[in-house]
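Each chain carries a letter (A, B and C) given by its place in the written order, and its residues are counted from 1.
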Amino acid sequence: MPKKVGLIVNPVAGMGGRVGLKGTDGTTVAARARKLGASPESPRRAVDALRVLARIKDEIEILAAPGAMGQEEVVSAGMKGTIIGSAPKGRTGPEDTVAAARAMKRAGIDLLLFVGGDGTAGDIHRAVGRTLVVLGIPAGVKMHSAVFGRTPRAAAEAAIEYLHSPRPQSTNGEVMDIDEGSFGTGVVSARLYGTLRIPKETSLIQVGKSGSSHMAKGAAAGIAKELASIVEPKTLYILGPGTTTRDVLSELGIRKTLLGVDVMLDGKLVAKDVTERKLASLIRRRSAKIVATVIGGQGYLFGRGNQQISAEIISKVGKENIIVLATKEKLASLEGRPLLVDTGDEATDKLLTGHIRVITGLNDYVVYRLSD
Amino acid sequence: MGRNPKTLLRKFHEAKWDEQIILEMSVPGERGILVREAEPEVRREVGSGVSAIPPGLRRRSKPGLPEVNQARVLRHFLHLSQETLGTDVNIDIGEGTCTMKYSPKVHEQISNRNPAIRDVHPLQPTETMQGTLEIVYKLEQLLKEVSGMDRFTFQPSGGAQGVYTSAAMIRAYHESRGDTQRTEAITTMFSHPCDAAAPATAGYKIITIMPDKDGYADIEAFKGALSKRTAGIFITNPEDTGIYNPLIDEFVKAAHEVGALCHTDQANANGILGIARARDAGFDLSQFNLHKTFSVPHQSTGGSVGALGCTAELAEFLPVPQVKLAGEKYYLDYNAPRSIGKVRSFIGNVPSLVKAYAWIMQLGDEGLRQVAICSVLNNNYLMQKLQQIPGVVVRYAPGRRRLEQVRYSWEKLYEDTGVGTEDVRRRMADFGVQSYSTSHLPWIVPQPFTIEPTESFSKDDLDEYVAILTQISKEAYENPEFVKGAPYNSVVHRNSSASMDDPVNIAVTWRQFVKKGLDKRVRRSATKRS
Amino acid sequence: MSGKKIVFPYIPNSVPDVKRQMLKAVKAKHEMDLYEEIPERLRVKRRLRLPKPILDESSLRRHVEGILQRNGSGYLSFLGAGCAEHFVPAVCDEINGRGEFLTAYGAASYADHGKWQAYFEYCSLMGELLDMDILSLPLYDGGQAAATSLRMASRMTGRKEVVVPRALNPEVGLVIKNYLKPDITINEAEYDRKTGTLDLKKLRSKISSKTAAVLIENPTYLGLLEADAAEIGRMARSAGAEFIVYTDPISLGVLSPPAKYGATFACGDFQPLGLHLNTGGGQGGFIATHDDMRYISQFKEELYGITPTIEPGEYGFDDVLYNRTAYGSREKGNEYTGTANGLWAITVAVYLSLMGPKGMQDTGRTIMQMSQYAAKRLSTVKGVRLRFQGPFFKEFVLDFNRSGKSVAAINRALLKERIIGGKDLSKELPELGQSSLYCVTEMRTQADIDRLAGAMEEVL
């Protein structure tokens, strides 16, 4: 029986980038992008990926969203596909992505390929959560989420490998979005939406090339053992968000929230999903350390997705009490760029310059540069 | 016929014998060899001999070895040798970091094939090994001059074991000073994996320094990593990218300031023989890989020696025995109370020591310099040519020279065509050259391949190699699926499964393969073919 | 050298014209321009002080062979202790002398398919001899194999103590002692002074819930057979420890493979299987286990698996669980990975293919017969007695205490007769006084043994 592969293209994804917009989320921004002369980027990238996928066309059945959301790209790539759902009226928007993904889920598929950026990934997450295995073909302006192939072709190769595997396995990829705010205001908000199930990359090629943040088997356990060996009693541990911190703490028997900042004391969670104010009051009475990880593809240590750990908290705890966890693959994916800090407070940002130790495994550290 | 003078490509097909596994070739009753029987008088005296074995320890069922006549065993293994491309039979410049060079034939005859080496037991009285010990001793003197170090051991039987031995000596050194707080070792990401793994095996926490955007190990990060906890640093220079770290003496100085010892892994020394010395940069320890730099044949990964040199101060920690000279007599010195003991039995891979000695003696000072210069020249010549091939990228430090090797990237080819480095690597086997090395993991350079053209290869060889990669790049742009399907003219076709990590598929011996019934799967598909 | 440039046969581009052309191509005026990246301060300021080169091959041969002649030759040797002279079929040397194998290295499987198949056959044939399913590529030597087996057991069990015999072969023991530092404690088990085999009562007291592994040698360093091996295995297993048996593979035509008496690991050195003495350069380590992922995932060296290709009926080979190794995971790999003894592994495959089941049985029997004959004959010499009376394989201890002479003196006297006596044990096992370890393989004839006995009678 052929495997079923779903395809959803967000036809407006990636339009903003070329004209200097920070994303194409929401219909108004898309309209503005068009006005600025942008042309759709994602259809071309979808076709690129499909041409690679054509190699196994006899082994798969493609289920495409209608019109510009998949159907047209399948035709351009010279392939055949079944159309799922009805064509949206007028310009497409986030709700169309959500509807298409839900339709795919109902139709029953082995793998959902979606073409877009962080916004699209968020829509897919909203629609199907962790019920489907999905893989992003990168076409957006912002791609902080760890659910995309490196390139459209690489995504297609990873899909082929997954579909070929006799025992396909999936793993978690973070979905996040960073909204650089409306023009000129400078207000930054970052969100970690949760995780999607993505194909677990098995071959050496995939392990090697990917800079994605999902962790190699055993990596979390190694980092956890090292963390356990340095944890001190009667000390508060402020645990930052992210899959790395969650997976590592889960190895230590701690059920940490994925998106929130939690607090641990003597091997037990004493507070979950705390606010900055709560943190400030907690650390007034006890010595504290921060356990953080590198968030997203850009290499942010503070100021993205973990704003609860504010400048005030960081300066009180002190640089020497910050414990950073990350895999070496993730650090390597930064290609020599430093870790970034954006706490909104110049003095705190200055405190976090120079170098910092990162736990990368059992008995295994990297000393890594922080941005100046 | 012959190589096409215009394209420099040749028509090639590797030997393909469709050879069965030897265990499938058994004919009951056949004998490959007969074994000497005990004399009649001996048998009369002690009987079958086997009856002395306690019943619980006697073998009940004979081993499931195949029964094959001698000519067929010979033919089988000759077929397998023909299905192998050693350096002797190809332009073997793709195995970067491995320093594949010509191993002079005369060296085999004067070492392994010489009864004075072949038939000597390592524990024989030293008066019956004076010649061997003299060569070992003299080799030590030669390597001292090449490296600037004061003493050597030849016991480590591989580069990685050399690094491990160094880590064990560093541990013994700090212990001997009562300094117990040193629990960390530092290495760089582009040092060979053994520079992290060997000190980790010796019990150290490992701190890795990542490359900066130009590929150099970040010296500020390095200084930030140093502390009273640092026991030692383990650095390859030039690194596996072929880039020489010009601040290497500053790394050493900073490490010494906190009381750490410094080891340099000289696996990549081929380009700096007679040009730069480990000791001159301040290193306390360093190892040469005699099977790489000093022409000892690679022996299908065997016969290796990680010749480890150290300063006079550290000599008391060297493994035992050490070869020494008293008057005119060479002897084995076991009297070293602070020695780490042993890392390998006896003296080490002695035949390989004779080969390395002979090689240095043939070249002398000028020859060693020419080895270095010609290997660097070959490498830079090749880099210039390969950079012109569509799809090839050289990461880091653009416009700067590399020493003896380069880590290239097919990143552009991959993005343009979907053909990655593993695909190109398989396709190379169709042109009569060995598949190249990609890179150890993780891949810091995407779609990597590492090329090291040693001094052994001529300009004409290099041009042919360039022609092959040019052709594959052209094929990738014109017909990527064709390249992905390679090899076509090699011994076998591409493996059908992408990964061998699933326990269901793991079969590392014939009996495991048969027990799992996987052999039937192959045979069934064979019947389908016919 | 009168300014004339030497063209070295091993350096093709040392031809001045070619070099000039290439330097021009890389935009270098002078050779040293190639080294711009090495700062002046780090360069050697002078020429290396090396002997004048021996440029022609015949002079080189004369030079090296001349030095090696000082070894002398024509000795009759009874040395063993981890390295012994066994029969090497001519086909073994024919195959390991082939340039394709001699100069291959760690390349991928396609162009080197034959080498990968030979490795696979090495593992497969050793698996048959040992009656176990899993072997990796070889290790440096038997000592490394023992040390790594112990580390594997420690990782598997999470325990940090091991038990090994005190009278372990020192070539193995010294490697283990260094390799288990700093985290694993070694407890030594005594041997029974009368039998020479392990004292079970003392051994039992060393095993606890902290024990990761119990390692025994069988045959032991002193040549003896551990008749209670199965019982020792039960003791280890019931404490939750691994049972590691260090064995001499050439004994396995007649001795039971360790797996049959409960070993969870079998390890040792394969030098006896087709390899010359090579002054100690013929050693190679092996580790075998059962087919169980708990064990498989702990191997340190590369594992090569057989796998179908896209062509029906064709075998290919590939790496198995590459991320176990340091090549795949740097410091997170199992210990460190290093290339070791591939050519000797191929030679072992040739040897076992030639021998077949019958050859291994015959070899084992001849060794049993010759060594027993020797022990019997030599203990008739006045002042000499066989130290331990139990069954042994290939090696045995001769006790010279009654002769009033030291082993050193006896060996010196034998050497004058061009005989190399057994290994002197007086320093490493002082409780045995003046005793010596003799080794008699299938290579020693009755005449050799009688000659030794005669010489001993003269000496004593």
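One rule holds in what follows: a residue touches a chain if its C-beta (ideal position, glycine included) is under 8 Å from a C-beta of that chain, and two chains touch if they have at least 3 such contacts.
It should be emphasised that the depicted structure is a prediction, and the values quoted were computed from it without experimental measurement.
Peer 1: Chain with the smallest distance from its CA centroid to the overall CA centroid?
Peer 2: B
Peer 1: Using each chain's Cα centroid, which is most distant from the centroid of subunit C?
Peer 2: The chain lying farthest from subunit C is A.
Peer 1: Using CA atom averages as chain centres, what separation in Å is found between subunit B and subunit C?
Peer 2: 19
Peer 1: In whole angstrom, how far does the Cα centroid of subunit A sit from the Cα centroid of subunit B?
Peer 2: Distance between chain centres: 39 Å.
Peer 1: What is the distance in Å between the mean C-alpha positions of subunit A and subunit C?
Peer 2: 51
Peer 1: Which positions in subunit C touch two or more other chains at once?
Peer 2: If we look for residues of subunit C contacting two or more partner chains, we find 322-323, 328, 330-331.
Peer 1: By residue number and range, which residues of subunit A touch two or more other chains?
Peer 2: Residue numbers touching two or more other chains: 204, 207, 328, 363-364.
Peer 1: Multi-chain contacts only, two chains or more: what residues does subunit B have there?
Peer 2: In subunit B, residues 200, 206, 208, 441, 497, 501 touch at least two other chains, as defined above.
Peer 1: Within the complex, which stretch of subunit C touches subunit A?
Peer 2: Residues 322-323, 328, 330-332.
Peer 1: Touching residues of subunit B toward subunit A in the complex: what are they?
Peer 2: 184, 189, 200, 204-214, 218, 220-222, 224-225, 414-415, 417-418, 420-422, 438-439, 441-444, 446-448, 481, 484, 497-499, 501-502, 504
Peer 1: Quick one: which bits of subunit A touch subunit B in the complex? Just the residue numbers, please.
Peer 2: For this pair, the touching residues of subunit A are 52, 55, 150-151, 153-154, 156-157, 161, 164-167, 202-205, 207-209, 328-329, 331-332, 335-337, 354-355, 357, 360, 363-369.
Peer 1: If we count contacts the way the header does, which residues on subunit A are in touch with subunit C in the complex?
Peer 2: Result: residues 204, 207, 216, 218, 222, 328, 361-364 of subunit A touch subunit C.
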